[in-house]
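In the two complexes below, chain A is the common chain; its partner is chain B in one and chain C in the other.
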Partner chain A sequence: MRFVFTSAVKDLRRLRREPVTLLTWLGIPTFIAIILVVIFGRGDARPNGKLLIVDEDRGIGATLLAGAFSQGPLGNMISVEKVELEEGRHRVDQGKASALLIIPKNFTQALVEGQAANLQLIRNPAQRIMPEMIEEVLSMLTDGAFYLQMVAGDQLRKSAQGTPSDASVAQISVQFNHVIEDTRKYLAPPLIQLNTKVIQDKTDKPGGFAALMLPGMLYMAVFFIAGGLATDVWRERASGALRRVATTPASFRSFLAGKLLAVLVVLALVGAFGLGVARFLADLRISNFPLAVLWIAVSGCGLYLFMMLLQSLASTERVAHMLGNFVLLPLTMLGGSFFPFDMMPRGFAQIGRLTPNGWSVTQLQKILAGVEVTPAAFAAVILFVAAGWLVVGWRIRRTAC
Partner chain B sequence: MLRDAGYLAYRDLLYLLPRRETWMWTFVMPIIFFYFIGNVTGGFGNHEKRDPIAVLVPADGGFLADELIRRLEQRNFQVIHTVHFFRELRIPAGFTATVLAGKPVQLELTRYGAGIDTDYDRTRAARAVYTVLADLVAISSKGGTPNPKAFAQLAQQPRLISLSVTSAGKRKDPPIGFEQAVPGTLVMFTLLIMFTSGGVSLLIERRQGILRRLASSPMSRGAVVLGKWGARVTLGFIQIAFAMGAGKILFKVNWGDHLGAILLLLAAYASLAAVLGMLLGNFSTSEGQVIGLGVIASNVMAALGGCWWPIEITPRWTQSLALVFPTGWAMDALHKLMFFGDSPAAVIPHIAAFVVTALIAGYVLARNFRFE
Partner chain C sequence: MIEVEQLRKQYGDVVAVKDVSFSAQQGEIFGLLGPNGAGKTTTIGCISSLLTPTSGHIRVMGHDVVRDGVAARRSIGVVPQEIALYEDLSARENLSYWGGAQGLRGALLRERSTEVLELTGLLDRAKEPIKQFSGGMKRRLNFACGIVHQPKVLLLDEPTVGVDPQSRVRLLELVRDQAQRGACVLYTTHYMEEAQSLCDRLAIIDHGSIIAQGTLAELRALLAERDLLRLTGVFQPEAVREALARMEGVEIIQSDETQLALSVSDASHRLPSLFAAINTAGEVRGTTLTQPSLESLFIKLTGKELRE
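What follows is the complex of A and B.
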């Protein structure tokens, strides 16, 4: 037992002599949290775009069309700017707007009198979300124009004819009133209503996009740190430390247990720091801080042993490094570190949750959300660590000299 | 000096190329990255892929239920009839009869998970539902009887106010699906590999005494730096060229009409990334530092440069900030060439920026190169 602590203290002291390394590791989740919060704030990620409008009509129809983009949530996402045709084309061709809408001359007249008119929408091909939204809204508005013509077309045409007399105005008003009365039974309230029920996963948490990304990103940091710590075995081998351990009465498993203890301390520190930063900056909800830190540390040890096993299978340090990255990067991608599982296609998310790091992220999200984590989950990670310790200890012993 | 550098680069490549790990990184990893990230981020706005929606229709749903299904399919949904699906629309019993009797009916859309995709689903489903209602109003206002024939006749009516959609720039067909995601993935992947692998390999060589032995050789410092850079950047070129080929063949990415300009641009970008990776390896004292700083730097630059997510979901000031980073320059240039179909002359400033920055960074590296 004494050798275990000695080994752990040795590793921690070596790490203390490399403060830049430790600060860098602490910096990974910090920088990522800062970036996410600076970019997205504490809310959801919402698109921002600009719609340029060339109004060749200069009538009320064009004003209504432009006004549709300034209302409600759309108004927060899309800024509308009226421009001349040449300027608009130039700007959208340079990618400086999400889309350019050209409202033709006599659009209002066409709308009222039931004539043909074509709206032109020129989309920015480098953007996906905003042009799609703008096109969808315009498409809905053209639907609206069609139905307006179907229901009240005659009345609109009459109202547009010259300067109506008092009698004409009265007649048109009565006709509009009849239209309203006839449609009231369908529309007030709507005869067919759509209710939307959005079922959020229990692990969905407030804090917006940044908080959604952070647990996975924290595990990316943990995985990279575990990988970096695992490469330390090459330095130990090159310096002859492993050979010296082989000549002592202490077992390699004790030596490895000491390294594991040091890794536990480091990952607990990184986990605590990362969660603290996430809570402070991104308003990440943490129901049980100590348990979350413990989970990160213990599951991180499992990842460390996994990376150690890969290191022990390689013939040279260079091969080990390549092999480590070859395994680490796909696992971090699939395991919810690049993108949260909510954003992935369902098949990918299902596979990702089965990876060691993905499974750990899922359990961490449960802990953060206050959902009870089953004892089986804890048992599984402890068993994994124990099995890894035995196997890796055996491998290091074989390849020590 | 050039001969020495060329010889060193050649020997390094001879050492690296036959290795299995090189083959993995050059030929396997790009495909994995493209496939994964393309699937995650390339879906929005992709009309080739329909979104499945489970529509639960009772036996007596009636013709209005059929109309609704038709509208959903027009809104790029693929209607299926599975229960407990994550995107589900439930039509109540006697739907058509109830509506035609003038009684209100509620349809329920159940969606698991919140976010922008859910909002989009809700908008499309609402449009499908309310156009059915609008058709009902339109038919009734003309004194007609709502039935399948009346709906079909109404659908045949010309839409006088129409919307024509085109794409900006010179490219005729706008990019979709993987074409949207692959350029950003390629830019990020190149940077990540050059930073981590490129930096760590230099550190390992220093630790193993390889650089010390080179320092005792007749080769100049500049030749050593150039040679090491040459090997890394050549490998980067091979990787980029293969990735572009794989993108074209496997993921149907259309690289546009200016393939030569794209290759030149990415070569210049890889050159800069290689130098920056070597700088990282040069000044770091452990693999942990290289990996940590490499991960931070590459993630920050990829995120802020617009490689990770559609740039339009970030605030406007970050969209401008993207142009501070090499990743932002690369993305801007690729958008110009691939998405807008601009001429190669449009990316000369970007290539010049990469080359100049690489030269400055290379000078700093050569002056401060650590052999031990």
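What follows is the complex of A and C.
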């Protein structure tokens, strides 16, 4: 047992003698946080787009359509501006707007009379997300207009004929009520009942897009550090230190346990530093800081053993390096380090969450949000680390001799 | 004490060590002398339980190294051929680590570290990272790490390879000190001079087998106090054999068209008659006369030089 600490102290001393490596590791999460904050800003940053509208109709239909883009959460992401056609085209050409919507003359009339009307949307080809979003919203609005027309076309036509009197408003209201009564048999009772349970969102200050990215990015740093530390075994093998350990009464499992202890300390430092930087720079909400640091360190040990296993399976250092990269890069991509799971296609996100690092990222996000304390997850990681420790200890003993 | 009985180590079809048996006592320096690839390191690897023997038995201080490996390793100190140290640690930190691996701790570890640093002449450089050390200094520290726990059995695998003459002399003194302390020292080398000057008993190993063993005197006796005469030139091997067959006290060790090695009693007085006989079967162009030594014994036993 004593040798475990001796071995850990040895590795920590060696790391201390390599300040550049240590600073690089601490620098990775800091650098990533700074880049994200510079790009996306602090706090609740969201994608933002500008929709230019050329209103040739100037009727209530066009007003309602333009207004729909300014409603609710959509209004936080899309700012609407009415422009003349020429100016609109010019600004889209210059890339100063996400899209240009042209509402033709007599759009309102066509809407109420159930006739066809052509809405023209010119997208900015330099942008991807916002024009796509605007087109989707527009498509939903036109679908909605179609169904409204089917259900209450007569009432709409009446209301469109000038400013209605109080009596006609009352009459239209009564007629709307009758329409709803008629359709009630289809709508109530509903064939599918949707039960919605609203979980209290404890992440009332989530920290925006940068904070969304940071857990995954932090694990990328953890993964790289784990991979880097795992390659140290080749230096020890080349120098003959591993063979020398085999000639002492100390076991390879104690030797490896010492290494794990050193890795735990390093990753705890990196985790604490990374989370601290994320909280300071990107307003990342951290529900339980010590638990989050512990999670990063313990799960990082699992990743370290995983990388150690790969190293011990390789025949040469070169093969080990290639094998490490071959595994590390796809796993970081899938595991939510390059793209958050929320932004990945569902299938990939599902696979990504099953990768060792992806699963760890998911658990960290839960710990950060305080949604769920995960003793089972800790138990699973500790079990994995214990199994990895046994297997890797055996492999190192074999390769050392 | 080391006891090796019928040791065999095989890698697939390749036999690295074949039926090796010897024993070494406390306070004794036992040498394993042989060329590179003879099986010396494999033998040490098996004794230190780094390698598992294919067959045979090894006991260190009465503990079987296979069945009771940990107890055996507690008695052993190993100085490997390579400099198995951490370059980014200081000399004292290396000693702390390797001493810790041997079970030393606390004040005893510090005391023993200081002692061996002083012994190896590294005390004044104890705090420097050893990557700043010369090759000789690293060799001395490598040795120090093997003796920091005062092992009862010390295994030295060619510890002077690539060392400058001054450091070599210092290292050999340290090895003698360990034997005087009462340690059983197993010393492998392919340097004849080292083996001759250092070892109390020796085993000569070649192609994985021990071909001779005993004290230096016993091994010299195998040569029957004969000198080794090596001749170069142009020879007819068959004619040479016929010419020398009539001469008493002359044995041909090696003979081909350009070289001739003879084991000759009192060679210095018989050179004229030898040349006369050989010149009937060829032409002598160069002559080397060697007094009985391990080298001449090795050549006699294997028909080749140790460094070939």
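As a working rule, the second predicted complex is superposed on the first by the 239 of 401 C-alpha atoms of A that agree within 3 Å, B and C clash if a C-alpha of one lies under 4 Å from a C-alpha of the other, contacts with A are read in each partner's own complex, and residues count from 1 in each chain.
In the analysis below, contacts are C-beta pairs under 8 Å (C-beta built on N, C-alpha and C of every residue); 3 or more make two chains touch, one makes a residue touch a chain.
These figures come from a predicted structure and were not determined experimentally.
Novice: For A:Lys10, decide between first (touching chain B), second (touching chain C), both and neither.
Specialist: A:Lys10 contacts chain C only, not chain B.
Novice: Have a look and say if chain B or chain C is in touch with more residues of chain A.
Specialist: Looking at chain A, the partner in contact with more of its residues is B.
Novice: I'd like to know which partner A:Ile32 touches here: chain B for first, chain C for second, both or neither.
Specialist: first
Novice: If we overlay the two complexes on their shared chain A, which of chain B and chain C does A:Leu121 touch? Say first, second, both or neither.
Specialist: In the superposition, A:Leu121 touches chain B alone.
Novice: Quick one: is A:Thr248 in contact with chain B, with chain C, with both, or with neither? Answer first, second, both or neither.
Specialist: The second partner, chain C, only.
Novice: By the touch definition at the top of the document, which applies to A:Arg58: first (chain B), second (chain C), both, or neither?
Specialist: Neither partner.
Novice: Does chain B (first) or chain C (second) touch A:Glu18, or do both, or does neither?
Specialist: both
Novice: After the superposition on A, what does A:Lys82 contact: first (chain B), second (chain C), both or neither?
Specialist: neither
Novice: Quick one: is A:Leu323 in contact with chain B, with chain C, with both, or with neither? Answer first, second, both or neither.
Specialist: first
Novice: What residues on chain A does chain C touch that chain B touches too?
Specialist: 18
Novice: Per the contact definition, I'd like the list of chain A residues that touch chain B in the complex.
Specialist: Its residues touching chain B are 18, 20-21, 24-25, 27-28, 31-32, 35-36, 38-40, 44-49, 89, 92-93, 95, 98, 100, 110-111, 114-132, 135-136, 138-140, 142-143, 145-147, 149-151, 179, 182-183, 185-187, 189-201, 204, 220-221, 224-225, 227-229, 231, 235, 238, 317-319, 321-323, 325-326, 329-330, 333-334, 338-339, 342-346, 348.
Novice: Please name which positions on chain A make contact with chain C in the complex.
Specialist: 2-3, 6-7, 10, 13-14, 17-18, 239-241, 243-250, 401
Novice: Please give the residue numbers of chain B that touch chain A in the complex, ascending.
Specialist: Counting only chain B, the residues touching chain A are 19, 21-22, 24-25, 28-29, 32-33, 36-37, 39-41, 43-45, 86, 99, 102-116, 118, 122-127, 129-134, 136-138, 140-142, 154, 157-169, 171, 174-175, 180, 192, 196-197, 200-201, 204, 207-208, 284-289, 291-293, 295-296, 299-300, 303-304, 308-316, 318-319, 332, 335-336, 339-340.
Novice: Under the definition above, what is the set of chain C residues touching chain A in their complex?
Specialist: Going by the criterion above, the answer is residues 45, 48-51, 70, 73-74, 76, 78, 80-89, 93, 96-98, 100-103, 105, 129, 145, 155.
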